[in-house]
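Following this line, the structures themselves.
Presented sequentially are two complexes of subunit A, the first with subunit B as partner and the second with subunit C.
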Partner chain A sequence: MPENCIYIARSSTIAARALAGEMMIMNSADSTFFTLNEVATAIFQAADGRTPLREIVRDRICEQFDVDPEQAQADAEQFVTELSGHGILLVSNQPLAPEAPR
Partner chain B sequence: MSLMSEVGQKAFNLGIPIAVHMDVTYRCNERCVHCYLDHDDHGEMTTAEIKDVLDQLAEAGVFFLTFSGGEVFMRRDFFEIVEHARRLMFNVKIKTNAVMIHEEEARRIRELDIDTIQISIYSHRPEVHDAITKLPHSLERTVRSIRFLREQGLRVTIANVMMTVNSSDHTGVQKLAAELGAHYTLDPTITPMMDGDTSVLSLRIPGEELPDIFHNPALVANQEEFCAPPKPPSEEDLEGYSCSAGHSFCYISPYGDVFPCVQFPLPTGNVRQQKFLDIWNLSPQLKEVRSIQAKDLTVCSSCSHVTSCSRCPGLAYMEGSMRGPSTADCEKSFYRTGVPTANMQRLGLSKPRSTSGLSAPLIQIQPIAVPA
Partner chain C sequence: MMAAARKVACVEIGGIPIALSTCDDGFLDLLRRRYDGFLSASRPEFELEFDLTRPLPVSDDDVRVRREGDEWLLERGDFRARWNLRTGRGSVRQNANPYSLDSVLRILHSLIVAGRGGFLLHAASAICRAPSASFGASFNGRAYLFSGVSGAGKTTMTRLAPPDITLLTDEISYLRPGPDGYSAFGTPFAGELAKAGENCTAPVAALFFLEQGPVNRVDELSPTEAVRRLMRNILFFAEDQALVEMLLATACDFVARVPIRRLTFYPDARVWDLVRDFDPSFDRKFEPALDRNLDRAFAHNLQEVPKRA
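After this line comes the complex of A and B, so read on.
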């Protein structure tokens, strides 16, 4: 999948809330509980299914945090892959409709 | 410390209401002998009002949301409420007797990704369970519903309230839970009724029987540590607080009244009159609850159990003072460890005064008057 075509959306199966700038996430399927740091929280909050990941990294990460753009993109892709594996993010090379509760 | 505990502590320190218990109705299809509620509808919040409160709770940072009652399924709009809550990405738990859950409801609950469904079972014997709920065939119906929920892969917790009338049945309920693939919890707490009537306290397990429960490894996992004599409190311990009530947790009644906890009937405001966050941040009552440290407790600050006691400030409040002892918890601490409490010593008692006939003045839950 070309990296500039990655779209991400939050799964409707999870529970999530920001606590002092860090996102708490609970996956109801297996009750796994995660917290995301500020950078990961920014990516998660921008996961609207319509904005390409590269744009999220450029506008939300590189703009707000002092990071190397290439490193940020690589880290973001790894993070997205991990969260996708836990069923927290949906990943596609096509825009995704945000999931409503089923 | 687990990640969950760390997050809970962070919310506590920041004063963020990370968890809320909301009763959506007090109406119920059962009439449990030990229930503390008045089941009449005195003007429940409408669907729109509850949705608005949920919007406010999400804004306030609430993550863990428990819906309870009464029986939640007495509300025809219950799924609409849960759907709204899930759209707001709450972690939702439901407490129910499950009698009204059939295959269709179980499927809907799974589709909404509910975290856990907690269901009360009092006995594995229908004649005992049904006599407690006063609903014929209720055990049969509840067990059938649990099977529907389990078939959907949902997590079910069976809550076994232990009282005099079912005290010998916990092993049977535990086996039933295992057979159904449900988690099992046991609770010997019986709460006075909302109108102040203490007659239900006669159903409390007599204190003399508590050691059999506390020293039963099948019921208490870390029994040795649980029953160990208390360690002397440090100065840091005395700077500590009782529990999360009013700090990172609160309770909202079907009428919109906000309390520090479901078991702490101190009125702090009503969401029909004020925004939730205004109540949470500005209520003098909540500020007072938050100010109380272990060193401020009138009797318990000098008690050797002060750090390990399950002292409930709500039960203490119902006995007359939120800074005072909770007799039921004094009883538990004594029978758990064999070490007398400061409250017992103060009263010159060699064993706790029975809480089943508690006659202390009780503070009653009264709905806050809302102007029409």
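After this line comes the complex of A and C, so read on.
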């Protein structure tokens, strides 16, 4: 497994709804509310715990949006780190099992 | 020794009658006076038994609401309540303070109405009766909601209201869905005006998020901004994933069905002309604005949603 292989999964403590092309996410644990734009939404929706982040960026972002691949990967990692800090995403260097809703 | 008989007052807020019972005559009298316009002869859907404790100051602590199996537990420094979802019955230990009583009822209603697709909102609301071409006055009143953070102008809007409007509340609006949209109900929960709303209901014409400014104007809000502001002002207390899921779905539905605007207003009575003239025709289109050349690929923002009892 490559050293920088990152797997991401959505936390079970959140509620999420898509509206007008944006994803709205609320964390029930601390009542923080996020809105994600279209690109960030694509990452969030692909966060199944099994697909490596690099593959998500390649297939869901670079294929569909006009972004530089290296820049997209760097932005994705920063985005993932920030959302994991708020308990929205779970991050691991191994595949993640989906969390059962609480 | 025989236990003292419980006396009951049925209080119906938002169309949901709840039997409140106590052994204390003084507290029963307080209940009846405080919810005078909301006493009901309807068959109660829920029951809440009050047992009084020694006087305690109203607490500034955060309220804690959590679920244990079928029971909701509501706790703050000045009250402790349990309410069973399955049986619809519960008990409260609090002192005879009316503010504690209001808090318990607000939390209980927020839990009950969430399961029915409704919510309580930090908002003033009032019914305007639009002029009718045939009779000079119409009986088809529509409710207008005015929401915002503390100090945004909820009470000011109600103070500036013309005499022919019906005040539903200056503080906490009660909203429930129906086949043709949402309806607003009057509540006894008063803010600075210190006056209970009228116990009546009307379909919601619009929700305005208030800001004070030098001129009166109405501006569009994007759907996500409307949801963000709505979630910030909905009363909910429980750290419960299912409840948050339900409220977010309700907020999205409300935004899709009700016109929501930002109302910047100069605090004089002319702002009500703008409200009366507001065109409620509503054609929100949830088409995503595609922008495939973003400066920063993963733009997003974050806000805290405060909990207030």
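The rule is short, and it goes like this: the second predicted complex is superposed on the first by the 98 of 102 C-alpha atoms of A that agree within 3 Å, B and C clash if a C-alpha of one lies under 4 Å from a C-alpha of the other, contacts with A are read in each partner's own complex, and residues count from 1 in each chain.
Everything below uses one rule, namely that contacts are C-beta pairs under 8 Å (C-beta built on N, C-alpha and C of every residue); 3 or more make two chains touch, one makes a residue touch a chain.
Note that the coordinates shown come from a computational prediction; the quantities given were computed from them, not determined experimentally.
K.L.:
Based on the superposed arrangement around subunit A, label subunit B with subunit C as either clash or fit.
P.N.:
Here subunit B and subunit C cannot both sit on subunit A without a clash.
K.L.:
Scan A:Asn37 for contacts with subunit B and subunit C and give back first, second, both or neither.
P.N.:
In the superposition, A:Asn37 contacts subunit C only.
K.L.:
On the A-aligned overlay, A:Gln78 touches which partner chain: subunit B = first, subunit C = second, or both, or neither?
P.N.:
second
K.L.:
Quick check on the superposed pair: does A:Ala15 touch subunit B, subunit C, both, or neither? Answer first, second, both or neither.
P.N.:
Once the two structures are laid over each other on A, A:Ala15 reaches both partners.
K.L.:
Thinking of the overlay built on chain A, is A:Ser28 touched by subunit B (first), by subunit C (second), by both, or by neither?
P.N.:
A:Ser28 sits against subunit B and subunit C alike.
K.L.:
Touch test for A:His86: subunit B only (first), subunit C only (second), both, or neither?
P.N.:
second
K.L.:
Looking at subunit A, does subunit B or subunit C touch a larger number of its residues?
P.N.:
Touching more of subunit A: C.
K.L.:
For A:Ile61, is the partner it touches subunit B (first), subunit C (second), both, or none of the two (neither)?
P.N.:
Once the two structures are laid over each other on A, A:Ile61 reaches subunit C alone.
K.L.:
Hey, what residues of subunit A end up touching subunit B and subunit C alike?
P.N.:
Overlap of subunit B and subunit C footprints on subunit A: residues 12-17, 19-20, 24, 26, 28-29, 31, 33-35, 101-102.
K.L.:
Name, in rising order, each residue of subunit B that touches subunit A in their complex.
P.N.:
Within the complex, subunit B contacts subunit A at residues 3-4, 7, 10-11, 14, 16, 18, 58, 61-63, 83, 86-87, 89-92, 111-115, 155.
K.L.:
Can you name the residues of subunit A that touch subunit B in the complex?
P.N.:
Touching subunit B: residues 12-20, 24, 26, 28-29, 31, 33-35, 100-102 of subunit A.
K.L.:
Using the touch rule from the top, collect the residues of subunit C that touch subunit A in their complex.
P.N.:
Contact set of subunit C toward subunit A: 222-224, 227-228, 231-232, 239-245, 247-249, 252, 255, 286-294, 296-307.
K.L.:
Can you name the residues of subunit A that touch subunit C in the complex?
P.N.:
Interface residues on the subunit A side: 12-17, 19-22, 24, 26, 28-40, 43, 61, 64-67, 71-72, 75-76, 78-79, 86, 101-102.
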